[in-house]
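Structure incoming, see below.
Labels run A, B, C, D and E following the written order; every chain starts at residue 1.
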Amino acid sequence: MEFILIPILASLIWAFLPIKSRWIASGLSLISLVVLLTKYNQGSFPDGLVVFDQPWLGESVRFTLVIDQITWFMLFLTQLLLPIIVLSVKDQNQKLIAWAFLMQAGLNGVFMAQDGLIFYLFWELAMIPIYFITLQFSEKDNFVTTIRFFIYTFVGSLAMLASLIYLASLSGGSFAYADLLNTQLSHAQSLIIGGGLLLAFAVKIPIFPFHLWQADTYTNSPAQGSMLLSGIMLKMGLYGLIRWYMPLAAESIDFYQPIVMTLAVVGIIYGGIIAIRQDDMKRITAYSSLSHVGLIAAGFFTLNSSGFNGGLLQMLVHGLNVVGMFLIIDIIQKNTNTRNLSELGGIASKYKFFTVLFFIIVIGTAAAPLTSGFPGEFMLLNSVFKYNSIHGVLSGLTIILCAVYMLRIFQKSALGSNEIAMSEVSFVDYVPLIIVAFSVLFIGLFPQVILEIFTLSVEKLMLDISNAKGVLS
Amino acid sequence: MNPIILILGLPLLGFLINGVLGSKLPKSVVGAIGTASVLGAFIIAILNWNIISQPENNSIHLDLFTFLQIDQLSLKVAFQLDRLSIWMTLIITGIGTLIHLYSISYMKEDDGFYKFFAYLNFFIFNMLLLVLGSNFLMMFFGWEGVGLCSYLLIGFWYKNEDYGKAARKAFIMNRIGDLGLLLGMFLIISQFGSLDYSVVFPQIATGNTSTSMLTAISLLLFVGATGKSAQIPLFTWLPDAMAGPTPVSALIHAATMVTAGIYLTVRCQVLFALSPLTNEIILWVGLGTAVMAALIGLKQNDIKKVLAYSTVSQLGFMFVALGTGAYSTALFHVTTHAFFKALLFLGAGSVIHGMHHEQDIRHMGGLKSKMPLTHLTFLIGTLAISGFPLLSGFFSKDEILTAVFLHNKVAYVLLAGSALLTTIYMFRLYFLTFHGQYRNHHHAFDKVHESPMNMTLPLMVLALLSIVGGALNLPTYVTHSDGFLLSWLKPLFIIPQSIHEINHNTEYVLIGIAVLIFVSGFLIARNIFVSKATVPAENSTGLGGILQNKFYVDEFYNKVFVRPLEITSSVLHDLIDGLILRAFTFGIFPMLKLVGRLNKKVQNGNIEMYLLYMVIAIVLLLGVNLIFA
Amino acid sequence: MIGIALVFFGGVVTLFLGLNKAESKSLWILRFFMLLSAVLSGAESQGWIDFSTLFKWVPSHMLSFNAFKLSMVSILSFFGFFILSLLPSSQKKGADVLGLFAFALTGAMMMVGSQHLVMLFLGLEVLSIPLFVLAGSEKEDIYGNEAAMKYFLMGAFSTAVFLLGAAYTYGGSGTLVLAEIQMKLSFAAHFGEFPVLLKAGVILMSVGLLFKVSAVPFHFWSPDVYEGSPNRVATFMAVIVKVAGFVAFAQLINTFSPMQIWINQWIVPVSILTILAGNIAALVQKTVKRTLAYSSISHAGYLLLFLILPMEENLPILGTYLLSYGLGTIILFYLMDKYSADGEKSFEMYKNIRNNKIDLAALVIGSLSIAGVPSTIGFVAKYQLFSAAFSQNHYSVYLALLGSAISIAYYFKPFRYALAESNEVDVKQVSNDGLFTQICLITGMLLIISLGLLPMITERIF
Amino acid sequence: MLNVFHNLEISHYIYLSTVLFSIGLFGVLFRRNAIVLLMCIELMLNSVNLLLAAFTEYMGDANANGQMFVFFIMVVAAAEAAVGLAILVMVYRNTRKTDVSFLDQLKD
Amino acid sequence: MSEISSLPLPFLILSFITILSALYVVTSKNPVHSVLALILTFFSISAHYILLNAQFLAIVNLMVYAGAIMVLFLFVLMLLNLSKESEPIKSNLWGIAASIAAGMVLITLTAAFQKSGIAVMPAPSEGIGLVKNLGRVLMTEYLVPFELSGILFISAMVGAVLLGKRDKNSEELVDLNNKNNA
């Protein structure tokens, strides 16, 4: 419960007290990280530990929060990224932080909820702040984009709600995870229910062709909005996939697996190909994100342990890397007033340290070995290849395409002979970048440390899924 | 302390010190640290030679930690120093030391001096990672890592956008190969459940794996090799990679990194030995590359480009050897090639340095007198690569030719032709550079100078090695036993390397042919470039034009891959994403709005109309539910 | 019952005391009575106090209130109080307008408590007739005139249709008491076919009520009339009429519950039509008020889904939904009224809101709640309704969800002007309301949020 | 008195009132003058009244519920007429028209 | 329709008059004629009431409707000077549409009744519609609606006054307008 109350409290404090320092905000957001770290023991229960349980609405809905290893990991991801993001907020956008805290509460709830409706509740609670962030703090009139984004995801959420209601009606009215898990579905029912859940998650992840909201929203949002969206929000969809879709509608996996795999692979290539020609750095990052998370989704859908572990690892890594990219873009834009590659160049000649960090993040995203991108991508590609070699080869193209566009970004902006006018990068801007760059190298070297956080729960989860499917995969 | 830690650790330490503190340190210190770290690694490798060279297949292992543990698959950060890797280590660190030394002078004017040394050290570290790894994953780390360093070093002068493009091209083409390697690794995982050499190779050797699977794995690994070793179709990056500083070309793009593909194949000897189809493909790809690059080399005018195509061609030679199953021969050629090609590149660098960054051979000539040391060493290099008898290249090339002769006569003829071309273009280069008239109008002949000592010293060392390097694997007819390298590697091969039995008469004929090739090539070149003093034209026509334009391969790739990809990108973004999908998805809102506008017609403010609608609705409600229900 | 008495008494007192005084002075009296009614009825609904002995003389087959209805009376009074507190009083003299509000509210309560067709009819009329007048209470306003005329003519017409239905029902069942009609019907249910008179009767009566709650295609009056009427009256129509109308409607349909399956046949299409048409039409509106009008139409559509449910055990759902609908709608109307004071009718009016944090919060919370976004009571209400309706009819719920998705497009429209920093252009300072109004507003927001987060409270209420 | 007409059935009254109702309905749709519209609505109400009276008679409802209903309908009709005419007068004062088809300023 | 001939003559005649006069109400171009025809309709309906043993209703109908309400209508007509045939004639299309719509209501209802038939009610009892009886019911059972219709009336009254009275402000406004015009 503290992971919900602390952020809400922080949000209220920030919204109503006249504090202005980014450091204080970051400190506020660090509280929950510290609390989380002290609870590492709680996270070591592979079966999950009930941390809160109260009746919420009638007989059917209980406010149940559970922490298991995967949850702990997801919470970790959230609490880790938030201070970084908060630290990068521009001075004139201070109120954004209040929204960000609120969103943190929602996200934490999503990851901990062990009741269908509570899950949905937090799911939406996480979505509202990001809507307002993208709307309120963007540079130009962003209404159409954001409303598209919201409706697009909202349609997905409503499909999920419908599915959950359907499922609950079959489970005798209870929304409790265990009851939903034990509900036997006919094939047709599982197709409908699974389809609804899948739609919600596919939109959020996003899987091709449900990605349409993504590029515009990333491009037009304030940098912190893009970070929150791509760093944490996307992970909700992926988390939902393994925690909610697969165990609950396991009977439908056989039907949806080839479809989702194909779409995910198409998305991987599609995003990659588009990214190589864009001019706007944010847009490139958006499409690269489509490509990367498509791979994660594909990895999950292979239903093997390599895919699950790799996917979870990659969620953290992608979160950090993409936040790093947006930090870079934000700093460049803040100092040069543009983020179009055609207008940039030559940053390296003036900002050596910045360029080094930039390059580390670039190669981290491009999954060079000994950087964080590699282990996850390796496991994911391995799992996809195991599922189907053609899918594996096609999704493997991502390492080529990713190299193409990431190097293009780096080269066009940092290298070259342009003498771009850029004001001094401040220390506060460097801190989050350094954290990200450090993580790129650390995870690149010791991925097993991260894997061990959640690997037992993954086994348990996979057991749930295979039990629900009736066949061990 | 485990020697591997030191071997790997010293260059890494050098990289870290130079990378982090380099900007604050004086250049001499930076250079010293960089060179010393590599030299240290070299010395340690030498010191451990004895341990490795025990009669049984001895090796030193180092297991650091588990990198990834997925179910039963355990991927470890683990290294081994065995006969193959120590050989490679010595080449890498040995030549690396010389080139570091050379670079101290060559790069001393450059702002990025410390950066350069950091990159070089990092490259050495990665290259060592590649050869020292005891599993495919570690090799892949090094494999990608050297690609990354290559990218950094090619684009070292980052302000020049063309260099940047060349660097990117190198990295991306390498990545295409890397994908093949990666997929090969996935197949290995699925087949053998491990990536450790010590697990995989014995399993293959049992012969229980189907040939088609082995062929698939070996082909995928070979795709990786073509990327790194610049074979058809992925060779075009290497000539462009000459954008980097010359020591880089010498170290990375001649002596070490590009031979990673050969190392990979030798390392997986057991795998390749059991996939005959792959061997055949390797043979022909290598052969094609050897011939094609040699042809292109004939018409290049940039001193480094000639050497680059020569490298591609020589790499082709090595693959031909691999294709015939002569693994030790290939490695032998790797070694000798490292000596003389590094020598040639460094010599070229010395020329460029002396000519103040002039690279076009048409603007050189007559440098013999001004740069005697450079000239002499360059000549030795040229002779070595051309196969002047008893120099290192003569032996290694002869071994390859012999192996091919026994394997396939057609291939032999083609490869011999390629060797002839090698001699021609190398002497063309040599003559145009050092003989004849000085032809540069921008830059006075007086200002041309010999390079300083720490540039010529490596040249001399390498020249010496080029001369005597052949001793490393002297042919049977000289020693009446297996060559040193062959016997050195023998314990490593689980399946023994096929030894080509050949009677001495044939062998002498082949040697005769080789000598003939060298002589005729030399004479042709001399005739054209010394006697007639021909200077290559700006734009050749006909076949020459095609050769000068490198068979239009780049243009072909551009038309067939790059442009279509770019067009696809735009189409996907603007048309599919921007229009069609959007129309389908968000088109629903305009549609809804259209329906909403229709409502305007209905909601027109007129009470009578409203009443009429209501009555109609009542009629419908009543009619449907009372009468028809 | 105490509510009817108090509000009526309050109306009369206001009428007499407030005559020839500025409206704002006598408003306090009426507010007091409404609040008192809300509190007392609420207390009675929770069983804390009991006024039934006071009203022993009222036959229970005419007018009776159970706990649910008492809470609805309480909510109606509260909404009345809320509307009169938030939407500002005109400076005109005379308390006649206020009196009419009170009487209309009385009518609404009568509808809620009616157990008899005559009472239902009377309640309907007592509610409607003051509203006809109120719609045109800005006498010089031509739009107000038109609104009054439209509302009156169509309302009278629908009354006639309702009466024909009532007459048929009487003919078919021989009684006007709802409970007895239900009994007759359950007898008939045993013999299979239901009398055609009853069928026609229930359809025609429903048409009358569908008109009142403005369901498509009987909704045509509502956007026009809302637009023409003074904002306060429009709010009253949107909230009070709909709340009372739906409680009465539910009561009526419950009466005919033996033929529920047959009723569902036509309620479901009407409901779906209302949801879709309301939302789609709202999408293209230029003025805020019309958008809100169509929004209230679409909510009528959702509420119609309630009618297909088994009534008794599901009444809390209706209560929650009406509570959430009323709170959200009143807040949005209040903001619309406040920021359209300078004549701006389009959504651009909201650009002036950004300096007023409380109003901004109210806009966000109100919009989110009425759009049914979680953590607000709007979500709880919609969830309960949909999940209950889902067991009866899957497709209607899917379509209703689709409708909710569409509705986001217009509920979020104000944010474009209210929030986006990029739109910072000539922001006018709109004067702040009094403390009392602000307290009311904050109370409303807190209710929305707290009930949304702790929905078990609503279970206690209903 | 009705027993004189022993072959008169309730259905005849139903038909009669339905016809009357429809005529009123027709008038509402057909006419444009607000005052006539109001009259047509009164006609519709009266047809209902007639029907209710007939039902009361035919059912022998001892409490005469139908007739009571008629009574209240008349009450309402009177109130409606009063308010309606007031509205009409008000509209006429402002627009000098009673034609409803001119009242179409409020629309989408 | 053959059974029509078997119906008692008074009913037929009354119905005939009712329908005819009702039709005249809706078709007459002159509102005053409509009012008069409506009064005739009410008279005939009152006669029906008498046939139906609802004597009190008949009287009240005459008094309230034909008397009070219709006079009110007439009064307003005269007040607004609408007695002439001022109403523009609607297009034929409207007429057709209106008659089809109204006809459809009629047909649907009759068809529904025809289809399922209407239950015949038990024999009538005497004296239901007498004042004495009605009064008793009204004061006992229907006391609540009776009381509450007071609210209806008070609101109608207040409403009518509210709308009918002229505000001082508005007169000033009119004056102002006139001045401006002048």
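Here, a contact is a pair of C-beta atoms (placed from the backbone, for glycine too) under 8 Å apart; a residue touches a chain by one contact, two chains touch by 3 or more.
Quick caveat: nothing in here was measured; it's all calculated off a predicted structure.
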Note to self: Applying the touch definition from the top, give me the chains sitting in contact with each of subunit B and subunit C.
What the structure shows: A, D, E
Next item on the list: From subunit A, count the fewest steps through touching chains until subunit E is reached.
Entry: 2
Next item on the list: Note down the smallest number of touching-chain steps it takes to go from subunit A to subunit C.
Entry: 1
Next item on the list: Please name the chain that ends up farthest from subunit A once chain centres are defined by their CA atoms averaged.
Entry: E
Check: Which chain's centre, taken as the mean of its Cα atoms, is farthest from the centre of subunit D?
Finding: B
Item checked: Chains most often in contact, by C-beta pairs -> D-E
Check: Most central chain by CA mean?
Finding: A
Next item on the list: Could you please state the distance in Å, as a whole number, between where the Cα atoms of subunit A are centred and where those of subunit B are centred?
Entry: 37
Checklist line | Cα-centroid distance, subunit B relative to subunit E, in whole angstrom | finding: 101
Check: At what distance in angstrom does the C-alpha mean of subunit E lie from that of subunit C?
Finding: 30
Check: Taking each chain's centre as the mean of its CA atoms, how far is subunit B from subunit D in angstrom?
Finding: 98
Next item on the list: Enumerate the residues of subunit D that touch no fewer than two other chains.
Entry: 10, 14, 21, 24-25, 28-29, 32, 38, 55, 59, 61, 68, 72, 76, 79-80, 83, 86-88, 90, 100, 103-108
Notebook entry, point to check: Using the touch rule from the top of the page, what residues of subunit A touch 2 or more other chains?
Noted result: none
Margin query: Quick check on subunit B: which residues sit in contact with 2+ other chains?
Written below: 599-600, 603, 605, 607-608, 611-612, 615-616, 618, 622, 626
Next item on the list: Could you please write down every pair of chains that are in touch?
Entry: A-B, A-C, B-C, B-D, B-E, C-D, C-E, D-E
Notebook entry, point to check: In their complex, what parts of subunit C are in touch with subunit D?
Noted result: 117-118, 121-122, 125, 129, 132-133, 136, 139-140, 142-143, 145-150, 152-153, 156-157, 159-160, 163-164, 166-168, 170-171, 174-176, 223-225, 227-228, 281, 284-285, 290
Notebook entry, point to check: What residues of subunit B sit close enough to touch subunit A in their complex?
Noted result: 23, 65-71, 73, 140-141, 143-145, 148, 151, 155, 158-161, 164-165, 168, 171-172, 175-176, 178-179, 182-183, 186-187, 189-190, 565-566, 568-570, 572-573, 577, 581-582, 585-586
Check: What part of subunit E is in contact with subunit B in the complex they form?
Finding: 94, 97-98, 101-102, 104-105, 108-109, 111-112, 115
Check: Across the complex, what residues on subunit D touch subunit E?
Finding: 1-5, 7-16, 18-27, 29-33, 35-36, 38-40, 42-43, 46, 49-50, 53-64, 67-68, 70-72, 74-83, 85-90, 92, 98-99
Item checked: subunit C partner contacts - residues on subunit D that touch it in the complex -> 10, 14, 17, 21, 24, 28, 34, 37-38, 41, 44-45, 47-48, 51-52, 55, 59, 61, 65-66, 68-69, 72-73, 76, 79-80, 83-84, 86-88, 90-91, 94-95, 100, 103-108
